[in-house]
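So that you can tell them apart, the chains are marked A, B, C and D in the order they are listed, and the count of residues begins at 1 in each.
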Amino acid sequence: MSKIKLGILGGGEDSLIGILHRVAASMFDRYEIVGGVFDIEHARSLSFGEKLQLDSKRIYRDLDHLIKEEAQLPENERMQVISVLTPNFLHFPMAKQLLENGYNVICEKPLTTTYEEAKILQKTQEKSGSIFGVTYTYTGYPMVRQMKTMISNGEIGEIQKVDVQYYQGWINPLIHDKEKRSNTWRLDPEKSGISCCIGDIGTHAFNMAEYVTGMRISSILADLNYLYEDNPMDIDGTVLLRFSEKVKGVIRASQIATGEENNFTVKIYGNKGALKWEQENPNYLYLLKEDQPLQVLKPGHSYNSDFSLEGTKLPPGHPEGIFDSMGNIYLGIANAIEKNTKFEGAFPPLAEGLRGMSFIEKTVASHKKGNVWIKMNDK
Amino acid sequence: MSKIKLGILGGGEDSLIGILHRVAASMFDRYEIVGGVFDIEHARSLSFGEKLQLDSKRIYRDLDHLIKEEAQLPENERMQVISVLTPNFLHFPMAKQLLENGYNVICEKPLTTTYEEAKILQKTQEKSGSIFGVTYTYTGYPMVRQMKTMISNGEIGEIQKVDVQYYQGWINPLIHDKEKRSNTWRLDPEKSGISCCIGDIGTHAFNMAEYVTGMRISSILADLNYLYEDNPMDIDGTVLLRFSEKVKGVIRASQIATGEENNFTVKIYGNKGALKWEQENPNYLYLLKEDQPLQVLKPGHSYNSDFSLEGTKLPPGHPEGIFDSMGNIYLGIANAIEKNTKFEGAFPPLAEGLRGMSFIEKTVASHKKGNVWIKMNDK
Amino acid sequence: MSKIKLGILGGGEDSLIGILHRVAASMFDRYEIVGGVFDIEHARSLSFGEKLQLDSKRIYRDLDHLIKEEAQLPENERMQVISVLTPNFLHFPMAKQLLENGYNVICEKPLTTTYEEAKILQKTQEKSGSIFGVTYTYTGYPMVRQMKTMISNGEIGEIQKVDVQYYQGWINPLIHDKEKRSNTWRLDPEKSGISCCIGDIGTHAFNMAEYVTGMRISSILADLNYLYEDNPMDIDGTVLLRFSEKVKGVIRASQIATGEENNFTVKIYGNKGALKWEQENPNYLYLLKEDQPLQVLKPGHSYNSDFSLEGTKLPPGHPEGIFDSMGNIYLGIANAIEKNTKFEGAFPPLAEGLRGMSFIEKTVASHKKGNVWIKMNDK
Amino acid sequence: MSKIKLGILGGGEDSLIGILHRVAASMFDRYEIVGGVFDIEHARSLSFGEKLQLDSKRIYRDLDHLIKEEAQLPENERMQVISVLTPNFLHFPMAKQLLENGYNVICEKPLTTTYEEAKILQKTQEKSGSIFGVTYTYTGYPMVRQMKTMISNGEIGEIQKVDVQYYQGWINPLIHDKEKRSNTWRLDPEKSGISCCIGDIGTHAFNMAEYVTGMRISSILADLNYLYEDNPMDIDGTVLLRFSEKVKGVIRASQIATGEENNFTVKIYGNKGALKWEQENPNYLYLLKEDQPLQVLKPGHSYNSDFSLEGTKLPPGHPEGIFDSMGNIYLGIANAIEKNTKFEGAFPPLAEGLRGMSFIEKTVASHKKGNVWIKMNDK
């Protein structure tokens, strides 16, 4: 099975979302990045592509060129799917053009800037029959998937209350200063659509509420906060949810929850139990039952569903972030190799391995001699 | 700057350590995997290399062939560093041969099976002048690096107590059954050296204690547990540490701490404060000071050291595991593309993006109409 | 300073609220319980009073008798304050009668069954000039008081968002069974007023929101859930709050949050920081500031306000519940004394104290002899 | 059943241990404090007894007087048990005298200053047949009792590892200053016996290890730290434990664990599972099993043992500290009554009860009118 050929639009240089998508694409050895348009300026796009060691011929000037020139390649070399990581207002025209040309698409959220555009996109996809994924990232966590499975298996019975919170504080230092708030693109309706807080994070909360419950919200009542009259965009809001007459819920989203980082929590209450999950500690899923001990489920255990286990690469107790830890050590070694610096601490040098062996041997010796002190002579 | 050419020994197929090293190598776009020996059986090695889409010429029969044939390549194409992910007893001969042939080496721990071997390796490296990294993975976490920096900056004053715990429970189901325990390679001195628990995890604790404090342990007193007389290998132990006359510490390591996953915690107490870190929640670093509120530091904030920030790729509140979450979504899309299945839940399809746009528009409308209920008509 | 003479209405036998009030009254050696009406049946009231070793003359038949006969006592012997712990619908008539007769009153919440009654009570108090306390218990926690002080000192700046949650699950096993729900007094408007969930716990959330912020809610919008058409009382609800045009908030209360015990949490966000507190872990107060480490404040430290410290009786690290732990040991000893049983474990007998001394001496001896093993010969 | 007559030695005025014992004695309405010797100075003892409203005749000059004069009282009025809360070196002579005179005794720990004294005490008790309790306070927590029961029921199988930690940091600011350390009574062997850290807190750890496991430690190996040569008392130590050849353990105790408050944690690992408990969060008991979700047990649930439930006075979710919260409100009211101050915040006044009623009515009205905004007109 050969790797899927992946093209990328946007996400160049220091783009965080670019890093996230590239690493994600590498995780299961299933994708090969073959080219794209990384930047609106072709020179920068080219130099970034070079850093990724891509064939410079496939670093295109723009999307039109990409589509035209990829079509010239032998079919088994062409991009099979393209990730759209550009600013929000470009999602729609690019995704549409890609669909019209038969590409599978991975698109960052929000999908478009208006509902109208999104409907057009949907019709376009229906014609093309392409695969189209929107990266609501948080639905990929193993314990979110476990939550979804357990709910659909009836583990907590019939749902009777849904409570989703998405609190951040990042806009607080900007919103109270008139100049700053008028210069923030997130607060500019032309660039960000009609909503800031709900558009950016409320939409994650909404998607998650429907994703894990498998239910559809039938109506909503919202109260938003703009804080200042000259601010056209909501930066905080509470939305009452009605799934059905009996099943209610609430989404709370804020960007002025000062000091909060990315506090996205999901609580689903059924008539037989409840499930809770918090994005900032994504390896824990809490199962509550009446008059029973609280249960804490973690990834990688055999009690999890196949769907959850498929997304876990390491044994229990290895938080997913361990990839990053190892990644940092590889970075330290790369720096050492290329710059010939050997910064103490950036990676464990051979001497530490040596010392570790000494420790093992002396520990066993201390024990075998009757638990006595032994010197660690070496350094 | 072109990518560093990386070869790999071992780590084929479903090897967890193989996945970990490959993902780590991809994290900062600094390495390109070009070949290696993935399996002792060449056919399996080849088929795994094919999965990684490597040039089959560089999937070598064994290390001898690798060394000989790589040397035939133009210098700028040759492997620059080689990761040794083979069983423990092969670390020494392979690493030695690599050093003797001028390669930079990344080697899994434990470095060797005896201290004697490790000393030979060190001498070999001194001659070759190569870079040699031992992957004590946990030292790469951003908050471990922050801990190291804060201690070296005197944040907690002079260290007066060191407490490191590494508790696992995985060997419990094996150790109490005579047949199982005699068939576990980890409990076989020929394959695993003289120690199981201390050799496998005690050594991490030891390395961490010295890494974060910047101090050297001068002597040790150990009490190990073997549980059964026919078991030649420790599966639990406590090691008293003496850094200096005044500065003492203790390492507790266990593989019979039933129910523990990978509970590695580090506590360093100084005369001006203390720092604590837990591997299973690696994004939190706790700073204790006399009669002051407990402080909880997290990655990505400007209050962290450059050394810590270098290892953080995303903004605060995005646990490092988010890469995995996104990785899982990419996997779902890959499956959809290749198998043409569109499993509901494995990735968010376009329809969810559409629905998200509807939610945003209706939320703003509900608010603007005076906080009234609005129907979500679409599905 | 002599103790205040306290009378009690209700709270007899196994009444939990009775225990809570009696222990609270004993905490600072400021009250002496002298009598009351513990039960509607006089015989039970008398026997309970006897258990408390009260003068049986002051265990009155009913409130009328209490008022008449207390007035006959010398002034310095009379009850000075009376706690009303009776069912909700009796709060109003009893408290009114007490105020009219010049008594200070401590009254359980909810104050009355209707707002109308409460207004009458207020007018009665204005005439009498008595002290009148309503036991919103949770406002007495040291860290709630610390929160109130910090907010009033401007520690988190101007408040911009208030979020209070009070989730319980206790009504879940009753509500889904038609017979059970029609026989629960909490769901009977005649006994419990017009609201169950909001009346019982929403009102705590409301009081807490105003208590810690020092602000007043100016208007509300509510969405309640009754789950079944034949159920006349809300058992879940979300209330949008408006303090002022800019300052909004939300109260979420539920008795169908299955598996929740008494999950009452308060989050206050200001433009300079935020404070969070959770009733189930009442010794922790969380202070969030932009781009600073999270701070966790605990009771008894000098960094707390005098108002908070006044309510802390033990040094830091002794959770308030330690009183209960010691109380249990006293109970074990009481049982041993009276029943002459010496149940192993109900309290530590002398032999354990002896053994503790042996441990101390042998520990020092082991150390002084150079860290050697010493036997614990005794049992 | 009349209350048990309790006398107290020591614990006068602001003594924390005095408060703790008095509140504990009141918790189950089983004791009546009738007198004692609260202070070495009789005048202070008398004034403290007056505060407690005790009969001044039973505030004795010293223990000799107490014993002589109590014996003159009718038998059913005499003290039945006496709590010894005096400085450590007085425990022995007082407890001995009490036992010799037939009293039941409650004695603070450490029982005596030497093992020798403790043995004498034991013999004295054997003769007298009195009840004698040593207040190892922490064994009274409901979840410690649950832990003990579960272990004895075989819930975690055969114990294979015991790990107890007791870390405090309080001596850190004293120990590094020569003058301060030479003036601290805890570091003076004449007043505190041969050990500071082990004697004060190590002994709790030791008792707890044996209490919850029901096993006896057979030998120990200790490493203590004194930090300074002129300091005669240990302020930190690690003690290796051997229960049997196979079953090992470790106690870690410290008073120089800077920033720690009263961090006493117990971890017991068996071959079928493990149990963990932390004194600073005493309402949580953690049950670990291989490849099963972590379970968190809390007090008051029916899944707990009778022994645990006996020590829980309130329903689940009410942390034991709620007594203190209510106690603080009673204190606020006492202050208001006596000083006629009505400090805003020290207790909830009638106006808050009124406002609560308004909130309830308006919330129901908002809901019934179709979820609309309603003003809170009153203040």
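Following the convention adopted for this analysis, contacts are C-beta pairs under 8 Å (C-beta built on N, C-alpha and C of every residue); 3 or more make two chains touch, one makes a residue touch a chain.
Since the structure is predicted, the reported quantities are computational estimates derived from the model, not experimental observations.
S.K.: Please find the path from chain B to chain D through touching chains that uses the fewest steps, and give that number.
M.R.: Minimum number of steps from chain B to chain D: 1.
S.K.: Kindly list the shared contact partners of chain A and chain B, in label order.
M.R.: Intersection of chain A and chain B contact lists gives C, D.
S.K.: Among all other chains, pick the one whose mean CA position is farthest from the mean CA position of chain C.
M.R.: With centres defined by C-alpha atoms, farthest from chain C sits B.
S.K.: Select, from C-D and A-D, the pair of chains that is joined by more C-beta pairs in contact.
M.R.: If we tally the C-beta pairs in contact for C-D and A-D, the bigger total goes to C-D.
S.K.: Nearest whole angstrom, what separates the Cα centre of chain A from the Cα centre of chain C?
M.R.: 43
S.K.: State, to the nearest whole Å, the distance from the C-alpha centre of chain A to the C-alpha centre of chain D.
M.R.: Taking the average C-alpha coordinate of chain A and of chain D, the gap between them is 48 Å.
S.K.: Distance between chain C and chain D based on Cα centroids, please, to the nearest Å.
M.R.: 21
S.K.: Using the touch rule from the top of the page, what residues of chain B touch 2 or more other chains?
M.R.: In chain B, residues 221, 223, 240, 260, 287, 292, 294, 298, 371-373 touch at least two other chains, as defined above.
S.K.: Quick check: in the complex, which residue numbers of chain A touch chain D?
M.R.: Of all residues in chain A, those touching chain D are 221, 240, 287, 291-298, 301-303, 316, 371.
S.K.: Note which residues of chain C are touching chain A in the complex, please.
M.R.: 156, 160-161, 163, 169, 172-173, 176, 221, 223, 225, 227, 236, 238, 240, 246, 248, 250, 252, 254, 256-260, 267, 269-274, 287-290, 292, 294, 371-373
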